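What follows is a pair of complexes built around subunit A, which joins subunit B in one and subunit C in the other.
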Partner chain A sequence: MILRRLLSRLATTLVTLLGVSVIVFVTIRVVPGNPIAMMLPPGATEADIDRLRALYGFDRSIMEQYFIWLWGVVQGDFGTSIQSRQPVLRLVLNRLPATLELSIMALVIAVVIGGFLALTGTRLRGTRTEGAIDVTSGMALSVPDFLWGLVLILLFGVLWPVFHISGRISPQLTSEFTTNFFLFESVVRLRFDLWRDLVSHMFMPALALAIPLAAIISQLLKQSLKETMHLDYVTLSRTKGYGENHVIIREALPNAVLPTLTLVGVQFTFLIGGTVIIERLFSYEGLGNMAIDAVINRDLPLIQGIVILFAVLFTVVNLFVDMLYAVLNPRLRHA
Partner chain B sequence: MSAFLSIRNLSLVLKGGPRLLRSVSLDVEAGEVRGLVGESGAGKSMIGKAVLGILPRSVEVVEGEIWLDEVDLLKLRPSERRRKIGATAALIPQDPLTALNPSRRVGPQVTDRLVDILGWKRADAQARALELLAEVHIPDPARVMRSYPHELSGGMRQRVLIASAFAAEPKLIVADEPTTALDVTVQKQILHLIARMQARHGTALLFVTHDLGVVSKVCGSLAVLYGGLVVEQSPVRDFFRQPAHAYSRALLAATPKYTDPMAGLNPVPEAVITAVQAEVAQADASWRNGGWRHD
Partner chain C sequence: MPSSTPGFAMLDARAMVKRRLGLRLWLSGGWLVVLVVAATFAPWLAPHNPLEQDLFTSRLPPFWMAGAEPGYWLGTDSLGRDVLSRIMYGARIALVVALIAGTATALIGATLGLIAGYFRGWADLVISRLVDIWMAFPPVLFAILLIAVMGPGLVSVIVAIIVIDWTRFARVVRAEAMAQGAMDYVASAQVAGQKRLGTMLTEILPNVLPTIVVLLTLEMGIAVIVEAILSFVNLSISTDFPTWGGMIAEGRTSVHQAWWVLVFPLATLFLTVLSFSQLGEGLKDRFDPVLR
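Right, the complex of A and B next:
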């Protein structure tokens, strides 16, 4: 059952990715900006330019270029970056772990803060505390993540400098790692000195990304919990002698989580999109930062590679949420 | 106090609004089946909710006592009250489709009170649940314990809830219209089942219903409610032979006869309604003069 769903999702995913690749491919070729001109020193001859254009295949029609590119992709070759002359796939995969770790850390922070606020607000519903939680999350939502980034930089980078405001890790420590999953590796190897350095770099960008999502989780989950609290099985549980905390966590929460989950999945893909600007703001060496550089340099093959990877990430997240929903909901699990 | 449940002068108000229960006094003796009838909105469910400590937040107790097993529930701290209720009373809910948690297996929903509130060993609670499920004629109880609620039919779920209510051997069970949400074909079975379980376990039963026909079959005595006021309390035999209150008589006349369902469907006459409403107003007036509220 779940396998069938998975297969049909994979099929639609493939079609989606093809569509995305076509759109990106065409768009970045019709917007103004000439990648070749940016590579050559001033004073290069027409002949030089033509030679380079031919080398990168830009002299052919867009359709031809696309199929050449697609044929390469099928064979695992995403082309070569114009700027750094390195294979796109390697560049992109080297940066992916940094962005993944940042996004997942942001997600964890958002779930912890949002979940805590939702549970507290439900426990204290009808009191001033609930009102305060509503106001706070309303405010958190009305400010976008990059502005939270600026606020955090001012607060904890400038006024009270407790966190690093730039980079992923202190440069002298980079050579300590064998993989690019720095955070994960530091935990596995129990190198908490490295871990601390990483977290003090990541915490602010992750928090900036997490704040709006935490607000959404808090609002949605609280709403859904409060509705669930009126249901008969919750009342029945009270007559058995259970108190408020037990009833909220064991009876209401498992059911209230389901409607929240789907939306959090969608919001998480927005969060991943948000890393582009946040990484730039914090000079964090991830995919997003690389994407902006690639756009500035009109590095067409690299842009294509990054966009496709983001699209893959989004669909993987959606797929994962779908499966999680099926696993958590007994009515689907056995259907 | 001989009665197992003794409600004394209980008044509930909707916060900032009218009284929902008007100085209700009601005794349920140990092992007795007490019917609670009245039209929709009369406050039948409110009485049950007050006894089980599940009044809505918008409702407030303004006077009265609820003695359950020799303690006044309203004098206990909330956590003590919950435990007292959980240990001595139980609810058979109205709608079996919504009264089981869809994301928990059936077994734990039957055993949780035994383990968490009464401190039984898990294995004992498990055995007890199996025994009770068999007693309410659930085939293959072990499999049902492992199922999720959506895998069971409505009648099956109500059986599970009945088993769950009796599992801890409570002294009092509140059944709030336990068959109205069910298919007509299973209503009778469930009713018989509740009556049989009650008799076997000797549990006192507070039976909320619209249906005087049901009362005549299951209950030993009944209370008639109108507008939150108890207008009559009688043993069932006396009530059906000769109702004391005019409203009761009208109610009885309005009930389809068991032998001939279509005959004698007389709506409660205007004059009777006016009279009983005057009684309610009178009760409120003397209540206010009694100094409970000055508004």
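Right, the complex of A and C next:
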């Protein structure tokens, strides 16, 4: 059952990715101001244009171009960055770990805060605390991560400067690492001095990304918990004499958590998208920051590569969440 | 809270919700009115020329701090430009984007949603498939891709918002139109001999309109933030025009020397985005027949 589901999901994922690749490809080529014109220095002759067109295959039909390009992509050839003259794939893969670590840290923070608020709100139903939690998460939701990032910069970077608000790590420590997964590596090598420096840089951008997601988790999980708390089996365990904390965490939570899990998956992809602007805001050297530089320089091959990599990331996360859901949901497991 | 009399508790809660709703609508609406007035009459209301640089008055603090100059209420930036005046002129760009991008997105998205939801068939098939593909695309990256191709500028920003966000309207309006289309009054309009297109415009549309208005309000808030983000990274209108995002970018770099250059535009943007979303939520509850 799970295998069949996995296969069908893999198929739809491939279709989605193909759709994305078509959109990216067509957008870049159809809109006026084609890549060739952007690559040439002013004063290039007709002959230069024709040579370059042939070199990049622009003299063929758009279908042919697409398949040539797609064939390259499948083999890992995303072209060469116009700005730095380096292979796009290498540039993008160098930055990917930074963005992944930031996103995952943000996800963890969001789950911890959101889960805590939902559980507290459920435990203290009908009190002022619950009302306060509702109002806070409502506010947190209606303001996007970009603005939370700026607020955090003001609060913890300027007013009470306890965190770094710029960069991924103190520059002199960069040479300490052999991989680009700084955070992961610092834990594995038990270098907690490096770990502390990394976290004090990453915490603010991660928190900014986490706040809206934490609000969503808190609202949805609290709602599901509320519905579950009225079910008979919960009443039964209460009459058995279990305390309220036990009832909420051990009895209600496992059943209430599934809808939240699905939503977290979808929202996590939005969080990854949000890294683009948050990385810029905190001068964090990840993919998103590179994407904005690429747009400013109109480095189309690089933009193309980044967008496709992000789309792959998106669909993989969705696939993963779907599979996790299938594994965790008993109804799907035994069907 | 003991709920021995659930009926009364519910009535009570409803009254409370209603009171809170009223206040929310008034506060957010009030702020937006202030903003519209400030933007519209900026040339008469603004105390200074927003572009006028004067290094003798650079980084003046706001009026209540020592060293403030009269007339520069919210201080000046590192080039000596008046922060308050720049915020007022920046409101023009923010509101123009909100109005144009919001309305156009609503028109296109709602039309496609209505057609898909009411006529169904192949139109629905095509539109729904498009929506699905669009949803798989990270919005921020989509915006970046579009701006990269079209080049920076206000028009690109507006086009990007429309191209990306029409699905918001299309999805919701489609679902609503489907629900409305299944109702008896639509069937009787058909029996009375009304044409399909006429039914869609005179029967379905008025019933879906409240939803569209709510979505439009929310969309305007989104448009304001998108414009601010893109002008923050200098991909929107040229820096010759004062924008909130541009001011925030400048304030971000000099935040340790002159916090007010960051704080005031940020607070304005924050309140505006919050107001649009609260207004939208408030209207949603207002239109909700249960609460009414």
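One rule holds in what follows: the second predicted complex is superposed on the first by the 298 of 335 C-alpha atoms of A that agree within 3 Å, B and C clash if a C-alpha of one lies under 4 Å from a C-alpha of the other, contacts with A are read in each partner's own complex, and residues count from 1 in each chain.
Simple rule for what comes next: a residue touches a chain if its C-beta (ideal position, glycine included) is under 8 Å from a C-beta of that chain, and two chains touch if they have at least 3 such contacts.
This structure is a prediction, so every number in the text was calculated from the model and none was measured.
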Quick one: classify A:124 as touching subunit B (first), subunit C (second), both or neither. neither
Looking at the overlay, does A:154 come into contact with subunit B only (first), subunit C only (second), both, or neither? second
Where does A:132 make contact in the superposed view: on subunit B (first), on subunit C (second), on both, or on neither? neither
Using the touch definition from the top, say if A:26 reaches subunit B (first), subunit C (second), both or neither. neither
Spot which of subunit B and subunit C makes contact with more residues of subunit A, would you? C
Touched partner set for A:315, first subunit B, second subunit C, both or neither: second
State whether A:329 touches subunit B only (first), subunit C only (second), both chains, or neither. first
Have a look at where A:111 lands relative to subunit B and subunit C in the superposition and call it first, second, both or neither. neither
Let me check the overlay on chain A: which residues of subunit A are in contact with subunit B and also with subunit C? 126
List of subunit A residues in touch with subunit C within their complex: 16, 19-20, 23-24, 27-28, 31, 33, 126-127, 139, 142-144, 146-147, 150-151, 153-154, 157-158, 269-270, 272-274, 276-277, 280-281, 288, 291-292, 294-296, 298, 300, 303, 306-307, 310-311, 314-315
Which stretch or stretches of subunit B touch subunit A in the complex? 52-54, 57, 78-79, 82-83, 85-87, 89-91, 93-95, 98-104, 109, 112-113, 116-117, 148, 150-151, 161
How about subunit C: which of its residues touch subunit A in the complex? 1, 3, 133, 136-141, 144-151, 221, 225, 228-229, 232-235, 248, 252, 255-256, 259, 262-263, 266, 269-270, 273-274, 277-278, 281
List the residues on subunit A that touch subunit B in their complex, please. 126, 231-233, 235-243, 246, 250-251, 254-255, 328-331, 334
